[in-house]
Amino acid sequence: MLGQGKVADYIPALSGISPKKFGMSIHLISGERFSVGDFKENFSIQSISKIFTLSMAMALDDDSIWKRVGREPSGSKFNSLIQLEYEHGIPRNPFINAGAHVITDIVFSGYSETKLAILELVQRLSANKSIDYNEEVAQSERETGNRNLAMGYFMKSYGNIHNKVREVLDVYFHQCSLSMSCQDLSRAFLYLANDGVMPSTGEQIISKKDSDRINALMLTCGMYDSVGDFAYRVGLPSKSGVGGGIVAIVPGQMSIAVWSPGLSESGNSLAGTFALEQFVNYTGKSIF
Amino acid sequence: MLGQGKVADYIPALSGISPKKFGMSIHLISGERFSVGDFKENFSIQSISKIFTLSMAMALDDDSIWKRVGREPSGSKFNSLIQLEYEHGIPRNPFINAGAHVITDIVFSGYSETKLAILELVQRLSANKSIDYNEEVAQSERETGNRNLAMGYFMKSYGNIHNKVREVLDVYFHQCSLSMSCQDLSRAFLYLANDGVMPSTGEQIISKKDSDRINALMLTCGMYDSVGDFAYRVGLPSKSGVGGGIVAIVPGQMSIAVWSPGLSESGNSLAGTFALEQFVNYTGKSIF
Amino acid sequence: MLGQGKVADYIPALSGISPKKFGMSIHLISGERFSVGDFKENFSIQSISKIFTLSMAMALDDDSIWKRVGREPSGSKFNSLIQLEYEHGIPRNPFINAGAHVITDIVFSGYSETKLAILELVQRLSANKSIDYNEEVAQSERETGNRNLAMGYFMKSYGNIHNKVREVLDVYFHQCSLSMSCQDLSRAFLYLANDGVMPSTGEQIISKKDSDRINALMLTCGMYDSVGDFAYRVGLPSKSGVGGGIVAIVPGQMSIAVWSPGLSESGNSLAGTFALEQFVNYTGKSIF
Amino acid sequence: MLGQGKVADYIPALSGISPKKFGMSIHLISGERFSVGDFKENFSIQSISKIFTLSMAMALDDDSIWKRVGREPSGSKFNSLIQLEYEHGIPRNPFINAGAHVITDIVFSGYSETKLAILELVQRLSANKSIDYNEEVAQSERETGNRNLAMGYFMKSYGNIHNKVREVLDVYFHQCSLSMSCQDLSRAFLYLANDGVMPSTGEQIISKKDSDRINALMLTCGMYDSVGDFAYRVGLPSKSGVGGGIVAIVPGQMSIAVWSPGLSESGNSLAGTFALEQFVNYTGKSIF
């Protein structure tokens, strides 16, 4: 697996990374952690950032979200405009790009200085003040982001983007550009393994119910067009990004982050998926 | 919830049943069981039967199945021909009708006297020799089954049905017509809560790995076009039928069957879904 | 062009024919005729037969047809089930396969001994008593016709096939198997160039209005997924068949039949299209 | 018919017009003209402007256009993004909105001071120097044009818009805002009835071949999602606009413009279509 797959190359900043990189970090609720390989190396978290913004949106007001975004698997490629047209501008779930735009639009309306608010949350969850946006990546995304603009204006034509499309996308491109390590990510998502509470600080990030719900959304919608295959092979709530990262949750026990840039056709890390599959085979930690 | 929703009426044998019926049975691995309401009353299990045939097909040969059926959520109505055309006759998963036809075709090839083989398995799992096909329901399905015929011939045009379409559908209509109670069903599916082994007899129905996988498929594909919503609200691997039944698994602990004939727009029992949601809220038994 | 393209090979009876065959016949309303090449050789007229059955259906009752079939170009492959599903079993036009099934179903209801009635009309229009069905072709179509069966049962599920699917398709497969020459075909369709009247006999086959309408339908829907390109290049109401035949009408003047078995990707005769394009370039007989 | 239908109301400037307005003008090649009703009143020509820009693009270079735009009927709603996605950013024809954007992009690249160039051509063809853009309409279109922006950026993501999306759309919104009367329009399009030559001046606007081709495109793609129905009922190459105008060509004879703001569901003028149908019934001037 390692060294195979295709490294995302739609922006220069992503394409230069070796597909042989591999890192993995596990954080237990107890505070213990286990790491291996390039677990300290920063990479572009891309779509994994959608969990942060979804958590922020659900903390604002859970119920109104679901009038603007569905929570069903998409059944087609993650950036498709087709389903959006059939369903009148309502994206199928918060993890496809269109759905993530709506969530960022909600966060944009609810938090002033949105980019700063996101960054502060991520730094606090990771206990790492050095985490930052990668302006070069954000800039590249903006320059090649015609399809995201198309989706944004398309949803705006249905009234489902409330702020200016370019301003919402500026936040979106920044959140995707967040540069973090496996160690940062596995720590940051411990609250999803612990009923919404960060175990180290006791801070309630989201309610227990919402924590369960985000895990459910990750399992049914978190792995692009391979959610069924991933659930079949791994069986853990997970979210991937085209930077090669995957975050997986073992409810009640631990949070796992794995990174390797070579991607499958679906856009998920090949070696990362394989590592999680082996982990579950050895430990029996599938939720099923 | 009770008494609301629409009772399935596409065949006379289903339409006559009161939407106020409600039954629920829970079987623990330990042998204990808890039941309430109309739990002894037989109803038409319909699509719930797809788990029996999938288990039989996986017991034959796990790997070859997935060349003929996908394992991704469908993202559209459960009997749609559209996705089938885009994906050249390969149904998205074994629980949409087209996928269930392929599974029944595999079972038809692998077990002589197929209808008898299915019935014997179901009777053994339920420890109830009186379970039988409802010939009136099977006959009605056949008479109104033009859409199922269309799907069958369509897949045959792609070479994905190996036996005669009418013979495969005869088995399919019979398996859907199986008449069982909540008590029967919750007992029958205990092997999915116990790593593939029937706890009472020790019989290994399927491997532990396949048991995990069927649970994963149920969670991502088992509730028609509401899998995401159901995972969000209930969070248990489940399979529903238009007769109003739902089976849910708490891995490692128990199997639950609930029945109430009033259906949501997606075709899932309204009161049944509500009962499972309450059960999870009170017990915290979600897998997330 | 000649000798290029792909000869239809989905049934053995069509695949054996040399792509170098080429014939063309022109019949003027005045009675004059001009022919070249293999114009006396019989070939399988296939979809061209849909004009005969449409004329028969319109002669029965013009208005009720259009509640069961649309008259818009399909915008997608000629045998697609997708549009049929979006439009609830109403095919887009009478020349896609599904639409032709409905037309044959109407003819089946309206003419007893349907196969004989079609054959007699075709013989009379062509003034050729030797024209007959090719039973070998009809039999082959039936054996490979799973997709047509799928469409038939699918429309029956919407109530848009009134007779038995297999009986309607038997007539359909026979009409497609009609074995005729360019000379036969160009004579047979002279009524469409002459306001519905056969010039030699004065027989009114269909009304003037219906003759105009069939020409309009041929121009907008007659050439599979290349109607726009064909109108752009040739500019004559035309209907093609996968046997390599094309019939074209110059309203008020003449009927043209051309045949060459090598097909374009869209399923239209390559050399036949080229011959018609050259004919229009030299004579200026485009309707535009 | 008159006074029925729905007046376009997506921008204020269009919604205020009485559905009882009706005008019609016929220009013969000979120079004679016949007019009735509100034929001198200016209205927003909207999509009819797509013929002007298509003529300008074909005058630049005929062949390269058809690598960027198809010439097949769309088979679905005129502003659909779906077909665009299936066909990788290549619009089906130059008369759906996305296709018109590409044509305007070509004109934008080929003519400096594009808006002025379009206006001068239209004034010259109409022999009316007072014709102008309606800035209020153009401004309204821009403000409500999120769907057009979505299409523009979507095609740009496929590389099929070469200039800046907002600049191309600025031209597009202006061409749609052109304010003209039936008298202006029927005069302006006489070149399409006369092999590309303006009869009054002898100016060759486009080649004879291109004139035939534009007529063919109008017949197969000019009436939104009703081309088949319109060809069936009227049988003339025509182009409609949501302002209620329709232009129709009788090749070799005359150009017709009709206007009435009440629209059918497809977006074509109800009374205008009816008037053209009656005209053809009385005169027999269908091309079929």
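We just call them A, B, C and D in the order they show up, numbering each chain from 1.
Convention: a contact is a pair of C-beta atoms (placed from the backbone, for glycine too) under 8 Å apart; a residue touches a chain by one contact, two chains touch by 3 or more.
It should be emphasised that the depicted structure is a prediction, and the values quoted were computed from it without experimental measurement.
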Query = Same residues or different residues: which describes how chain C and chain D meet, taking over half shared numbers as same?
reply = same
Message = Measuring between Cα centroids, which chain is at the maximum distance from chain A?
response = C
Remark   = Between A-D and A-B, more contacting C-beta pairs sit at A-B
Message = With centres defined as the mean C-alpha position, give me the chain A-chain D separation in Å.
response = 46
Request  = Calculate how many whole Å lie between the centre of chain A and the centre of chain B, each centre taken as the average of the chain's C-alpha atoms.
outcome  = 32
Ask   = So that we know how the chains sit together, what is the shape of their touch graph: line, ring, star, complete or other?
value = ring
Remark   = Checked against the stated definition, the touching pairs are A-B, A-D, B-C, C-D
Message = Please output the residues of chain C touching chain B within their complex, sorted ascending.
response = 80-82, 84-86, 146-147, 149-154, 156-157, 165
Note = Given the complex, residues on chain D that touch chain C span 70-76, 83, 92-93, 211-213, 215-217, 219-221, 225-229, 231-232, 235, 237, 251, 286-288
